[in-house]
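So, here's a batch of structures to check.
One chain, chain A, appears in both complexes that follow, with chain B as partner in the first and chain C in the second.
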Partner chain A sequence: MTTLIDKTSPARSGGQGPSGSGRRGPVVILRGSGRYRLILAVCLVLAAGFVAWGGTLQPFEQGQLTRAGIFAIAILGLNFTTGYVGLLSVGHSAFLGLGAYTTGVLVVNYNQTALSTIPVAMGICFVVGLLVGIPALRIRGLYLAIVTLALGVAFPEIVARLGGLTGGAEGLTIRRTLLRPPEWSGFTLGEKDQWLYWLTIVCLLLAFVVLRNIITGRYGMAMNAVRQNEIAAAASGVNIATVKLLSFAVSGAITGLAGSLFAMYIGSLFAEGSFTVLAGITLLIGLVVGGERTMLGPIIGGLIVVFLPYYTSDIGGGQFSAVLFAIALIAVVFVAPDGIAGGLGRIIRKVVRVDARRPDGGREGGLFGDAPTATATESGSAR
Partner chain B sequence: MTGFLTAVSGGLGQGAIYVLLALGFVIIYKSMKVVSFAQPAFMMAGAILVSYLTPRFGFAGAVIVGVIGIGLVALAVERVAIRPMVGKAVFVIAIITIGVDIVVRVVAGAFVGTDPLLVGDPWGLETVSIGDVQVQQRHIAALIAMIVVVVALMLFFRLSSTGLAMRAAALDQEAAMAQGVSVGAVFALSWALAGGLAALAGVFAAAGNPIDQTFWVVALAALPVIIVGGLDSLGGAVVAGLLVGVVESLVRAYHSDLFPNLATNTGTLAPYVLMMVVLLVRPHGLFGTKEVERV
Partner chain C sequence: MLNVSDVALTFGGIRALDAVGFTVGPDEICGLIGPNGAGKTSIFNCITRIYQPDSGTITYGDTDLLSVPRHRVVGHGIARTFQNLALWPQQTVLENTIVGAHSTATPNLFASAVGWHATRKAAKQVERDAWDLLDRLGIADLASHPAAGLPFGTLKRVELARALISRPSMLLLDEPAGGLTHSEVDELGDLILDLRRELGFSALLVEHHMGMVMRICDHVVAMEFGRTIADGSPDDVKRDPAVVAAYLGTPA
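Take a look at the complex of A and B:
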């Protein structure tokens, strides 16, 4: 009988009451308190240590890490619209390709420095994102997914058509000397890998901070509202058209940034190789495995889509590695349907809970995703 | 005019393949509300299985055994990989079907050697003349097979109690369960049907051209088909499949006259352009049900 009483005590079953009385309840840490800052500082130091360790690696391993960072940026962009606004996009490979080709064409044909092409690539992808967002105003769910799939399918064909500019099917090769690190960075041409690694880290950091601020802010609340229920959001004064279009455009711009870095990393662009629909699906896989609607998810996803195939090809060569990759993918989704970051967050929240000091909560977009209370309402709309 | 009719006949043949594929997508969508991205892999596996069975059973026997075999594989896949995830977000199940697609496709692809793999069909590229028009036999065969399948499916859904159970489950899962319908069995059956249909589509897609590692790409065109027809409409899949097939074939045939300055491969893009146009007018496809949302 005593066990029965234990189970029904509010501290265990509810999980929402103040947990001071419960023996097993999670430790509550207030946001902004000393302990919170300490934990945050430790995490930051660990992350910085990892990044610095990456800086000392051999060129090949470092290249893989750079690649993971580039994919992390692309998935961050995808997460912005697919995760938070719920506009499922299968064709983000087109933005990746558009960014890459913008950089490639400007560097090769117009003698621009690689770095100066990044804003141009982002701007072009922003505008294209606005245009692609227009169908999303009228078309929803899986229908929209297939429309974006069309974008992904069309991109390599368009590149092949604009052969004069893009090199067509033969591809576009950017000579190594054209990708020389700028003078002020202190890196020489031989240290191009180092330069690109640190450039990627800086871009990833910037994208992370900017997107996090948008998502935790007023606009982010509007994005979440649109995903959960458009009619209710509109009734609450959210301009759905603005939110959808802007989120698609920002998402495209961030993925375009990743594409631009990818062009510098890979050096030779083949639309049929790097920017097909398969690349779009890879980004989607990274997002789901990493964790939708979490801030760390895209980074974990980027690491996974780069390193998992790398290790599976170590175990079984050739064709077999693809099978292992797919099985690992299915296994991860089985164990943690909300992704690795989401699953970790669920476990951590059982031990430690971070409470905001403000009475209005504002926990949306925390490092490991929403608190469970925030997502409980959307199980209906997800079907 | 003969050129036009030849293109139309080729388009109808290709469209019949799209119809078979699209029916599989729609059957799964109706029962589980999920788009299964594993269909291309089942199509490829079906064609390869049949090409291995033909020397032993003859072509007709091989098709029957192959279609049933792939249906059973799809059934097993549903039981092992999909069923435990029922109720999770649609998105997550879609990713699992992508994983299944990769596994099945790579395993099946391992049986494609360096020699061209032929499905062993009796038609090849032979033609018959209808009036002035040369029509390829394989297109006629695909069209006939498609019509037989559609009629059989129609009778199955209308007349059999299992078909009624499937329609009930598609309409309202909980109400169907309350009436004693095993929704799990409906899921399993819908996957088996979709697998078998994909395998059959694979046989006709492989008729007249050898199977290689990129054979599955044909099935991608079935995605715009189901959107044009409407995700949850079997009749829509038939109409849209034929429509997309014909439009694609016509664009391919008249591409150089129509768009001399456009991409070299407008035929590939035609289904998607058609899809965009249809979606602009009808956001839920030609025959799809408009979703009603409660606040």
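Take a look at the complex of A and C:
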């Protein structure tokens, strides 16, 4: 048995855990335990119910839900780099536009099916994300925001310049027949909006799962580390440059996916209309109000940036609606500085807390006793 | 093992290091002492590639450390702690520890995106190591607590866990006893000696607490004004006139 440290060291006088001192703390649930899975299952059923309900809605309402889903995907992408790695991007509208125009140009000029353009759009946005990530290696914070702002401002201008390909200022119209749902889906041309709703849901789900896998895993921990202290991250072996570049690229690809869906949704693309810096700021608003660095925040943010303007314009017309929208946003940020998802999370954690569970299977032979991994050459003397 | 020779470093007109040289042997605990501003932390920052010296060489085994990028240093077996703590406050104690293993089991973005079985298995392994270490350092029941808000002494242990999980052959400890009470300092000294016996590593220790330096170090290097002024056994260095003068001043 190895010598153990004195258990009464001041470190533990915090009274952690529910069974501690008189004050009642939150109920602790271990990650991966039966109760944890039960709660997760209930949440999944609720989400599935909501999605199924959306499937039965009238075309207009369903279209709005599709739009919210598309924005949710775009904000998920933004959250990945701006939220977790802390690389502030104002110009993510450019990725939205790049994805949209990739799909538009390939469908209209090169006769591709809409669905097949999605991976191409994501690939192009990934590469452009890598390139745009390069300035992020040297600068951060507001200075990086200005670089990305320039990207957002430049995008509509570039689209206008490449008029032969993109239709320039007149825009690019994708005829409805070109957006026919594929045979195997079972949807007819008349059910295009239904098809797009379900396509968006599937893409949202895939993006959510993939990003969640990264964020909750060790790569995600390294991303958080880079945001909070670069020197400590590097001293722990994290390659700061790789993490920043790849996070920007993945972020661009996911937002590009949203752009591709957006092109199918809107049908006619005007860079001056949909993909200006204002769209980039809308994504940021969705991120901050929904909840930075949470998995649900981008989804809440997507719903907010699409639906909140409707409600405010119901109450007050014209410019007054914009003022109401602004007041609502300020109110949210005032009440919950960490966004709606962050605020809800804080309240929930007062009642239920999820803790990491220690993996099963105790060791024999002390520290790293039977560890089969790495550095075997250095510790040759160990047993 | 670790060989620092003739290292010089200037910031603008200020000479932080001026021809510093010493060697740390295998399994040796070497103390680095000197008044504030002598350049002890600057040496650490040169070894871990945060600063680029103007001249001199730093080698570890056969490796020229000055040609190694910053994030690769720990992969060569050199892990460090920081004088004023450099943890990630919003992450839990467990997560802070796990990131320390980045060099020995580097996670791949794309593999973790799809959740490969092998990736999960490797992650589980790292997680086990982290729990074992936290247990060994007596802070396992704080694993799910964010680093922010924990006492200083505890956070020093979290840093130690983060450094140890990379299985270093050379541990750089920057004032590990700073801010600890007397009994905690004694406990820490024992802990370092025990861990060296269990895991096998050399250590370079910047420390102001002379009791601890004299007790656990095999070898002491004294610095003043960016120069090495003494190098030898703890007892010899303690009696060295230059060291006494540096700490107490010369009689007028």
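Observations
Quick note on the criterion: the second predicted complex is superposed on the first by the 335 of 383 C-alpha atoms of A that agree within 3 Å, B and C clash if a C-alpha of one lies under 4 Å from a C-alpha of the other, contacts with A are read in each partner's own complex, and residues count from 1 in each chain.
Just so we're on the same page, contacts are C-beta pairs under 8 Å (C-beta built on N, C-alpha and C of every residue); 3 or more make two chains touch, one makes a residue touch a chain.
Since this is a predicted model, take the numbers as computed values, not measurements.
By the touch criterion defined above, A:Met221 reaches chain C but does not reach chain B. Looking at the shared chain after the overlay, A:Leu76 reaches neither chain B nor chain C. In the superposed model, A:Leu308 makes contact with neither chain B nor chain C.
Using the contact criterion defined above for the overlaid structures, shared-chain residue A:Ala253 touches neither chain B nor chain C, since it reaches no partner. Of the two partners, chain B and chain C, it is C that touches more residues of chain A. In the superposition on chain A, contact of A:Pro337 is made with chain B only, not with chain C.
Contacts of A:Ala235 after superposition: both chain B and chain C are touched. In the superposition on chain A, contact is made by A:Ile158 with chain B only, not with chain C. Common to the chain B and chain C contact sets on chain A are residues 229, 231-232, 235, 382.
Within the complex formed with chain B, the residues of chain A that make contact are 88, 135, 138-140, 142-143, 145-147, 149-150, 153-154, 157-158, 160-161, 229-232, 235, 277, 281, 284-285, 288-289, 292, 319-320, 322-323, 325-327, 329-330, 333-334, 337, 382-383.
Partner chain A is touched in their complex by these residues of chain C: 48, 50, 69-75, 77, 79-80, 82, 86-92, 94-95, 98-109, 112-115, 119, 122-129, 131-133, 136-145, 150-151, 153-154, 157, 162, 166-167, 169, 184, 187, 190-191, 194, 198-200. Against chain A, in their complex, chain B makes its touches with residues 33, 35, 81, 84-85, 88-92, 95-96, 98-103, 106-107, 109-110, 220, 223-224, 226-227, 231, 262-265, 268-269, 272, 275-276, 279-280, 283-285, 291, 293, 295. Across the complex, chain A meets chain C through its residues 2-7, 9-12, 14, 16-17, 210-211, 213-214, 217-222, 224-225, 228-229, 231-240, 246, 250, 353, 355-356, 358-359, 361, 363, 366-368, 371-375, 378-379, 381-382.
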